[in-house]
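Each of the next two complexes has chain A plus one more chain, namely chain B in the first and chain C in the second.
Moving on, here comes the complex of A and B:
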């Protein structure tokens, strides 16, 4: 299968590096597997014979690939002309417009191209439109990396809990806020100081609102609710309170009673993101940059999965989606 | 597909109850799905048209099924004569002989019958013989419930970490010892007293050796090492130390330094089961009856999964295996 990567930022570059490392595995599943294009905001780097992934994996910018290569065409043309079988969408997240990922995904699905997206914007906005589009066109639409990054959530639900009915999902879905709250918990620092350090370390943005006001976590609640619990959630349906008001004193008081304050996203009849008291003994109570997702189900009762919710570990989830599709598509 | 259940003890009965609850789901995957037999030490209850699962689910003994039904034949005859397509092995565990499960599994695989086993004995003894037998005969051999019961381990590895290389696995693999150690940790009771309570509650056997000497955990290390890390482990290869020597003082001392003593099974080049200091902040540090398995991998780096390692929750794993096989076998 011919893969087109859209986006050559942090995730895109690490994806290419992982493809390079795992090329033997990928070729063992699909001996014709190749990366034929990398789309950036500057254009599309393209080779029908397949790009040299080893070379690509050492570049900072796709435009450094080689002088003989020119950027040409648009992603849209590329998808319409059948030059790709699968697109990996690693574009920057925009939860207001979903672009540019949303247009890429729509175009791909309309043209029978399978989609793996790490960009959650399009799903937050148009989960059901895109799901139906995929079904109608016989395409796969996979998005493991969009919630809790490296943590397997959707494949866990799909493949490991096939008999279970999911009753409720709760999760620590944002690493930045968990870093801040953990720092307050373990070091007794104030919210302001903890946020400042998170910003200095690059865990939080200059405008930290997206994380600390629970916007990012609420986006993940939308996707979880739609994908796993069949709800028709939109962003506005998620009640949301961030961690700006969490005081040092509250954290300390909770700690003395055996609790930590965590920003928890809950998916049930009243989807919500808010700071909650989590018992220190509870599996959901993870610290630092970790994310955790806790499923309540009818048979297994409680399953919690913990791991990294950001960073280059994310490519584990992206590659897992790609391999799932290759295994289904390639007739051996 | 026609399912034969071997064993009508705790797991067998709860499996039938879950099949009854989930019959619509099972039939949606395979409209011809039926339970055609239940084998116990008294004989085989059998109906080629399918047993009444609702009725069966309310029985304590298979022999109460109905006067018109007689137990007839042996599991071996049953499997050889093609009266089953899939066998669920829920026989009592014997790690010295593997019987009766081992013979059932061998016979099934030799006759082209897919196997789902919750009995770990056969796998501890003959993992590779059975795996090769399954391959040679084009059969599925699935065993999700044999390690950490309800926790998805093998399906997680197979379906959710397809691109990851597993470097090391460590786990709290035995609920009984974790119950005892958690009691010592939280209530400051002695090992003897904690064991006694575990016995009174039915968590530990009268002869508790199987659990507290780490035998059960070592069996799981054998299966994990073989199934996930491609090792050729036998029980004797696992270095083993149980929790008999863990004192109240040691638990207290560890606690004051931010650790808990846990019986940890480790799968790497030197497979081992022993009491270890686990930082209270570490995701592996779960308490009570919970089990936890921690994967170290090259891409996702660290994934921990937590849930119930015993009890009727186990049927989640058994049914997941059954559904996986049905989905692969049934052409729709």
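Moving on, here comes the complex of A and C:
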């Protein structure tokens, strides 16, 4: 299968490095697997014979690859002309327009190209439209990395909980806020100071509202609600309160009573993101920049998974999605 | 509760009907035939009802079909809750309503963002209402309520 990568930023580059590292595995599943293109905001790098991923994995910019890079090249044309079988979408998240990811995903699915996305914007806005589009065109649409990055949430649900009815999902879905709250918990620092340190360490953006006002976590609640609980959720349906008003004293009072304050996203009849008291012995009580997702189901009762909700580890989810598709598509 | 049933076949079944209808879950039942007093037999049972109201309705219905309740005792299941409030908040507005305050801890009471830990006991059936009330009051005062997961 021929793979096109859209976005050569943090995730895109780390994805290519992982492909390079795991190329033997990928080829063992699909002898003809190759990366044929990389699209950035400036243009498209393309080689029908397949790009040299080892060389690519050492580049800062896709345009440094050589003359195969076409400035102004268009992903749309690429997809429409059947130059790719699968697209990995690692473009910047925009939850207002979903772009550029949304157009890429729509175009891919309409042209019978399978999709693996790390960009959650398109799913937050148009989960059901895209799911139907994929079904109609006989394509796979996979998105493991969009919620709690490296944690296998959708795979777990799809493969291991097939008979279970999911009653409720709750989770620590944002690593930045968990880092801030953990610092307040362990070091007794103020919210402002903890946020500043998160920014210095590169965990939080200069404009941190996306994380600390619970926007990012609410996006994940939307995807979980739609994908796992079959709801018709939109962003505005999620009640949301961030952690700006959580004081050092509150964290201290909670701690003395055996709780940590965490930003928790809940998916049930009243989807919500808000600071909550999590008992110190509860499985959701994880610290630092870890994420945790807790399922309540009728048969298994309770399952919690814990791991990295951002960073390089994210490519584990992306590559697993790619491999799952390869395994289904390749006839041996 | 202890019921006094006419000592005739089929009476026990008849008595169980209103209990089931009102959502009562029978935990134990003792039909003591030795305690027959005249034409009546005594039955003692323990049941779990979804609310006080459903228990009372059951009692009314039992009396309605001629079964007298000779003794009854209500034990209300309670839940122990801790919540944290950041911001101004008037405790007076939540007292009563079957709520028992176990302990209150204040931090920084005179500052702009006072913080209070509330440890209370609430009847199980009133927990949701209690949370709703808290959130309603907090919204008015622009306070932040942090409840357990």
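The rule we apply is simple: the second predicted complex is superposed on the first by the 326 of 332 C-alpha atoms of A that agree within 3 Å, B and C clash if a C-alpha of one lies under 4 Å from a C-alpha of the other, contacts with A are read in each partner's own complex, and residues count from 1 in each chain.
Note that in this section contacts are C-beta pairs under 8 Å (C-beta built on N, C-alpha and C of every residue); 3 or more make two chains touch, one makes a residue touch a chain.
Just so it is clear, the model here is predicted, and its values are computed rather than measured.
Chemist: Using the touch definition from the top, say if A:245 reaches chain B (first), chain C (second), both or neither.
Modeler: A:245 sits against chain C, while chain B stays out of touch.
Chemist: Once the shared chain is lined up, is A:275 touching chain B (first), chain C (second), both, or neither of them?
Modeler: Only chain C is touched by A:275; chain B is not.
Chemist: Determine, under the contact definition given at the top, whether A:320 touches first (chain B), second (chain C), both, or neither.
Modeler: first
Chemist: Under the stated touch criterion, name the partner, chain B or chain C, that contacts more residues in chain A.
Modeler: Of chain B and chain C, the partner in contact with more residues of chain A is B.
Chemist: By the touch definition at the top of the document, which applies to A:59: first (chain B), second (chain C), both, or neither?
Modeler: A:59 sits against neither chain B nor chain C.
Chemist: Which of the two partners, first being chain B and second being chain C, lies in contact with A:193: first, second, both, or neither?
Modeler: After superposition on chain A, A:193 lies in contact with neither partner.
Chemist: Give one of first, second, both or neither to describe whether A:305 is in contact with chain B, with chain C, with both, or with none.
Modeler: first
Chemist: Is A:150 touching the first partner chain B, the second partner chain C, both, or neither of them?
Modeler: first
Chemist: Going by the contact rule set out at the top, does A:162 touch chain B (first), chain C (second), both, or neither?
Modeler: A:162 sits against chain B, while chain C stays out of touch.
Chemist: Classify the contacts of A:22 with the two partner chains as first (chain B alone), second (chain C alone), both, or neither.
Modeler: In the superposed model, A:22 contacts chain B only, not chain C.
Chemist: Kindly list the residues of chain A that each of chain B and chain C touches, one partner per complex.
Modeler: none
Chemist: Which residues of chain C touch chain A once you look at their complex with the stated criterion?
Modeler: Those residues of chain C that touch chain A are 82-84, 86-87, 105, 107-108, 113, 115-117, 119, 144, 146-149.
Chemist: Give every residue of chain A touching chain C within the complex, in rising order.
Modeler: 170, 241, 245-247, 249-250, 252-254, 256-257, 259, 261-262, 264, 266, 274-279, 282, 284
Chemist: Using the touch definition from the top, list the residues of chain B that touch chain A in their complex.
Modeler: Against chain A, chain B makes touches at 18, 21-22, 25, 150-152, 155-156, 158-164, 280-281, 283, 286-287, 290, 292, 297-308, 313, 315-317, 319-320, 322-324.
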